[in-house]
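Note that chain A is present in both complexes that follow, paired respectively with chain B and with chain C.
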Partner chain A sequence: MLPFPRFSFEAPDTVAEAVRLSALPRAMLLSGGTDLLPSVKHRLFQPDVLVSTRRLRELRGVREGADGGLTVGAGMRLSELSRDAQVRLRFPALAAATASVATPTIQRMGTLGGNLMLDTRCMYYNQPAGWRAALGGCLKCEGTVCHVAPKGAGCYAAHSADTVPVLHLLGAVACFATTSGDLRIPVAELYGDDGRTWLNSPPGALLVSVDIPDAKAPIAYRKLRQRGAIDYGLVLTAVTREAEGFRAVISAVGPRPIEVSGATAEALVDAALAVVQPLATHQQAVPWRRKMVKVELRRAIGELG
Partner chain B sequence: MSVRQPEPVPSPIGAYQGKIDGPERITGQAVFVADMALPRMAHAKFVRSTQAHATIVAIRLDAALAIPGVLGACVGENLPKRYGVIPVAQDETALALGKVRYIGESIVCIAAIDEETAHRACAAVVVEYAPIEAVLSIDAALDPAKPVIHEYSRKPSNVLRRVHQNYGDVDAGFAAAALVLEERYDYPGSTHVALETHAALARSEPDGKLTLWSSTQNPHYVHRDVARVLGMREQDVRLIKPAVGAGYGGKCDPFCTDLCAAFLARKLGRPVRIVLEREEVFYAHRGRHPTRMWLKMGFATDGNITAIDFRAWADGGAYASYGVVTSYYLGVFMTLPYKLHNYRFESHRLYTNKPPCGPKRGHGAVQPRFALELMMDQAAAQLGLDAATVRRANTIEANSETCNGLVVTSVGIRECLDAVVSASGYHTRKGRLGPGRGLGLAVSAYMCGALHPVYQNDMPHSTVSIKVDRSGEVTVFAGTADIGQGSTHMLAALVAGELGLLPSDIRVVEGDTSLSPVDLGSYSSRVTFMAGNAALAAVAPLRARIAEAVATKLGCLVAEVTFGRAGSVDRGHGPRVGTGTSDVSWVDAVWLGEEASGPLIHAEGYTPPKIGSRFRRQSVGPSPAYSFTAQVAEVSVDEETGVVKVERIWVAHDCGRVLNRAIAEGQVEGCVYMGVGEALAEEQRYDGGRMTAPSLLEYKLPTIHECPEIEVFLIESHDPGGPHGAKEVGEGPQLSTVPAIANAITDATGLRLREAPFTPERVLRAIERARRKGAG
Partner chain C sequence: MTTPTTTPMATTRVAQDLVLELLVNGEPTRRLVPGHRSLLEFLRDELRLTGTKHGCDVGDCGACTVLVDGEPRLSCITLAADCAGTAVETIEGVAVGGVLDPVQAAFDAHVAAQCGYCTPGFVMTLRHLFADNPDATESELRTALGSNICRCTGYVKILTAARDAQRRIQAAR
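Then we have the complex of A and B:
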């Protein structure tokens, strides 16, 4: 069996202690661990200490928010959210998105916070250490060349968090605790353009909760994946129709989710195709994934009714 | 006075019964190698090649050996003897010796106090390479200008084996044809994905002997090779196969796990365990050969086949494994189940710088079946005939011989065809399901073990020894390797059925070279047929001796004595032996038997009959019996995305006789699901010499969402040579799944896809190409 490297494990009782520990050098936060732990086994990370959020009460619960919305604890399990009556009633697309993560078993371990902070993914990166050594390393970890775009300067690893396109459209805000105080970052602004530095939150920041304002219009969410379970998305699509027209967030096609809008469905599709450019980050062929952006978006619009 | 109602022990033959070793599996108590721990046990891991083809210039172990907790290492030079199950193609060493031939090949094995230390030590090893141009494709392997992967052989070449056979007059057959078709087909490489990864635990005994626990399908062959490579007497090596979490052909060879654990255990004087990581299983491989095929068939106007000319090139990877056998299997079974007089085939099994291919369920026969069954549909369409009717009219008769000398006994193919054609509504629904939905049919045939062992000898292929103890316990000793397929239950049920006992009354001791007599192993669908026959042969004289003693006691005729006829099983007294009017308990019967004729122990071997050898060159392929399958797939195709969904499969398999309905149906379903995976997604892709997805996240095994409803029909043709008439059930049904799905896609879309798997990308490309053609 693929062994873990050695690291120490902490499960503090308070957010303050968790934030202090996660600020230590080579510390990482663990919130579910369904993605992090395989990556640690692959030596993508070599943490000295893993700080678990599982005993933090502040990260639990679904509460009424200030503006008629909900405040969801970042430590809530994905399976809890997909079954939560309030979430299902008020944000059915979010419930659907959480229920589309991997498998029921993983949904029982994985958390909302873990999903928002999910590492970006790539077929050259999410591989065992020996495999990467035969490749000559990947830019996101030990290498100097990106094998997706060898002539490019950046890393194109794909943002793959299933809940994010919906939270982005909803205008949700991520609430962090840090050693220098609390911090609120809209989900729409949480992610950057490079797969190595995709998170705009400061290192060590602990995601405590997500504020979701009341939904103004229904959202359709679609996840394209090769199989009906287990797989990360190939194209993630959330779309909504508002007074001014359509707005969509498309993900799994680059380091950050991409928002597009259009007065009509056709305009939205055109706008999306102009900016969404899937790259060779996945096993599946790029031309096919590019076509699927269009198909998925059209189908999502169709699901809005 | 109560009258005892006769409650005969129900015969286990044909029953829908849980396996006797089922409870230990479902309660997690079955002991696999990875569960085993011995005092002072060390853990070992491998350094693996990062080069596809290179000379090893230097291996620096100093830094690794200096790590606290590291106990020792071995390299290729420590185990230089070449081995391989097939004697004419022994080209492997336990660790790379002098050069590496594929990315992922094991080079160094390091033992340490725990896995993490061994892992760190492996990372600290430096291997210096001098790269050689890698041979990565069929075309490159056929190119004499390319470097030779195995340079030490007498006639260095990257062709491991070329087979060429010609029966009848193929050219005359084509000249007589009303329709001649000629197409190229491509079938991808795929892997087995047994749940349990390969594992071995070795212990050097105080007397210098060796005990090796190995997750293997073939204890006998591994036993022989381990002794040979280690330079030990075979009798000093004890190989034990504990519970094994499946094989599907992937555990037929000796592996570096077996050899390095054994070597290091002897070197270090402490037990050594190696459990492969999932990634490493992809490198150990032995999976389906990616195969390029060219098929030409001639047809008469009524659909009769006038000739077949077939060529196949199999991309075999860096070592031979069972590749010599593959080169025959690619062609031999094309003469079944259709009547054919003129047949020619040529196959090449090639070396390339990739993980070695080997036997995977339906070994070598899956790829040509794909080509043949697609062309059968195409021919029917072009001749304006019904694809099911043409197939049925063309099938061979029972007790016939094929043009390439296969002697066929029982044949249930027509009953198979009738069952699935009727259940699926093939005649009324095919072509009428509307756009994007279709039905497809395919048939196939497979073997029940090989007539010839892989190494030349005239000894039995399978021996079973049975001991009936005076306690009443019956113990069956067999060299069989139950890897989850049910051979242990099969033996218990056959013996129990003869003695009037329940399968759970029988203890089976199997897969231990010191305790059980030889069985050649769980490959080529041979175990039920061969070990089953040996078990029936071994129990018969014991039964006769007990019956005679009971008859003497009861004063009746031996022929009047029945076993288990009035079993009061529920009352805890055990079944009884005797006549309708008087009887004795099972234990008393055993006492009488032993008193009358001595210890109740008997062994018998099964040796296949000397049949099917009309052609001397046809040494690989002939089997004592053949199984037959027909299946219909219903699919839907999303013409916007190219996604194919298999909606339903109807499958009928002629297994001769059902011995256990639960196991038989399970085997058929397992075959079909494996076929669904190969049809839809499973494919080993390479980027240069690097496998792109050595993980279960990216190797797209079907999930329950991709697995259709399956309706299984078991057809009983009662083979004269099989135990109670039984034939194989674990491999044959795999063969026709992929072509049935392909033919269903044709019905749904009009497209003939001649390259598997039918991934969304590939299907959508074909749909778009057809649209452009239609528009142009």
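Then we have the complex of A and C:
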């Protein structure tokens, strides 16, 4: 039994009211709940109030955006996107990424907004409170040391959101509502280098939609995972070939997805190995995950044809 | 659902109960629930609908799957309060007048359960799949079953039952 702590619940029907509520101390936004609610059960968060986005119409729908792209509501379920005709036609890699999240049931619950705002993950963090207490917690929660890099001062918990590497390559922009007005942050600039403070959006900001510009070139997306369902990725790889060469975003290897480029496939792999260093945030051996960065990149390049 | 008229309780830390109205297996249901009540606890502990099973409690296993407005939901990580105004279907609502539905009948025919703890969740997942995509391919069927974990059967009997259920549903069309 992992009971919830006590909290209250609000389900506002306007963005303005949702933003006002989410700006309250110890308030958190709730969409599909597939990331937040297990974490609340694990006492990683102790909110006083959860603010549901379920009734916000502005977060729904897929519309034609500016310059030939699409504007996707943050409240769209992952399964709605992987089945959406426009998304499949124009951004097949995004459809594939949404279809690779967790399980079909979780894809029907989880939203695009929740995926962009997904907490960073680590095997010392995503554990029940009693498990963590046995180790005295860690820097990201309750403790004073990082068990992954005990000499370091930072947290390396891994960014694990499947839609993000593709949205990053596409040049998508996250559109937020806040108590002090609207805010647009490119997905490529949304994440920072520490697993505790990985989000560059202000606290309480409500993600309303994601603007995706027209795709210039095909993207291949690969997810290395232990089982074919349920599991988070061990290495996430999105690659595209442009006039100047290859560009890739590699994730699940640190708090921020990492962009690399290279004129040739070999140059791209070399560039990736120079900067991507998986750490012991997952149970699987680090040297193997590092080798797999290279293997997954080559496979993804192969899929581009 | 009516929410409290006072400002939210962020400063007091005293959670107030909410009036929750919804349909459960077709029955209009009205109860006071605290905001932190999971749909699973609401169904099992308040409505005594214990057919929905309590497995991992954190979204991994699918034992607690129910349908909310026809969509599968893991009730352990769904708040009861967030289901206001919806129609919830649990395993208790599946058989009509004591007659098993095709998915249940196929699980029975192929003995696709050992301990049976995972079975209600599998039945709800498959009910949704066949309502949504009655002509699901073998690969779509296997993908859909990836939402649920069984620790006993090795899945072969569950797959056999699922294929048989699909044939029964297609034959009845």
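Please note the rule applied: the second predicted complex is superposed on the first by the 305 of 305 C-alpha atoms of A that agree within 3 Å, B and C clash if a C-alpha of one lies under 4 Å from a C-alpha of the other, contacts with A are read in each partner's own complex, and residues count from 1 in each chain.
Keep in mind that, in the parts below, a contact is a pair of C-beta atoms (placed from the backbone, for glycine too) under 8 Å apart; a residue touches a chain by one contact, two chains touch by 3 or more.
Just so it is clear, the model here is predicted, and its values are computed rather than measured.
In the superposition on chain A, A:Gly228 makes contact with both chain B and chain C. By the touch criterion stated above, A:Gln283 is placed in contact with chain B alone, chain C being left untouched. Contacts of A:Arg54 after superposition on the shared chain: chain C is touched, whereas chain B is not.
Once the two complexes are overlaid on the shared chain, A:Ala133 sits against chain B while remaining clear of chain C. In the superposition on chain A, A:Arg6 contacts both chain B and chain C.
Of the two partner chains, chain C is the only one that A:Ala27 touches; chain B does not reach it. Applying the stated touch rule to the two superposed structures, the overlap between the chain B and chain C interfaces on chain A comprises residues 1-6, 228-230.
Taken in their complex, chain C has these residues touching chain A: 1, 3-4, 8-11, 13, 15-16, 18, 34-38, 41, 54, 57-60, 62, 65, 71-74, 77-79, 81-82, 84, 125, 143-144, 146-149. On the side of chain A, the complex with chain C involves touching residues 1-11, 21, 24-27, 30, 33-34, 37-38, 41-42, 48-50, 52, 54, 103-106, 108-109, 228-230. Listed in rising order, the residues of chain A touching chain B in the complex are 1-6, 123, 126-131, 133-135, 226-232, 283-285, 287-288, 291-292, 295. Within the complex formed with chain A, the chain B residues making contact are 34, 48-51, 103-104, 114-116, 119-120, 123, 197, 275, 277-279, 640-642, 681, 685, 690, 692-695, 697-698, 700, 702-706, 759-761, 764-765.
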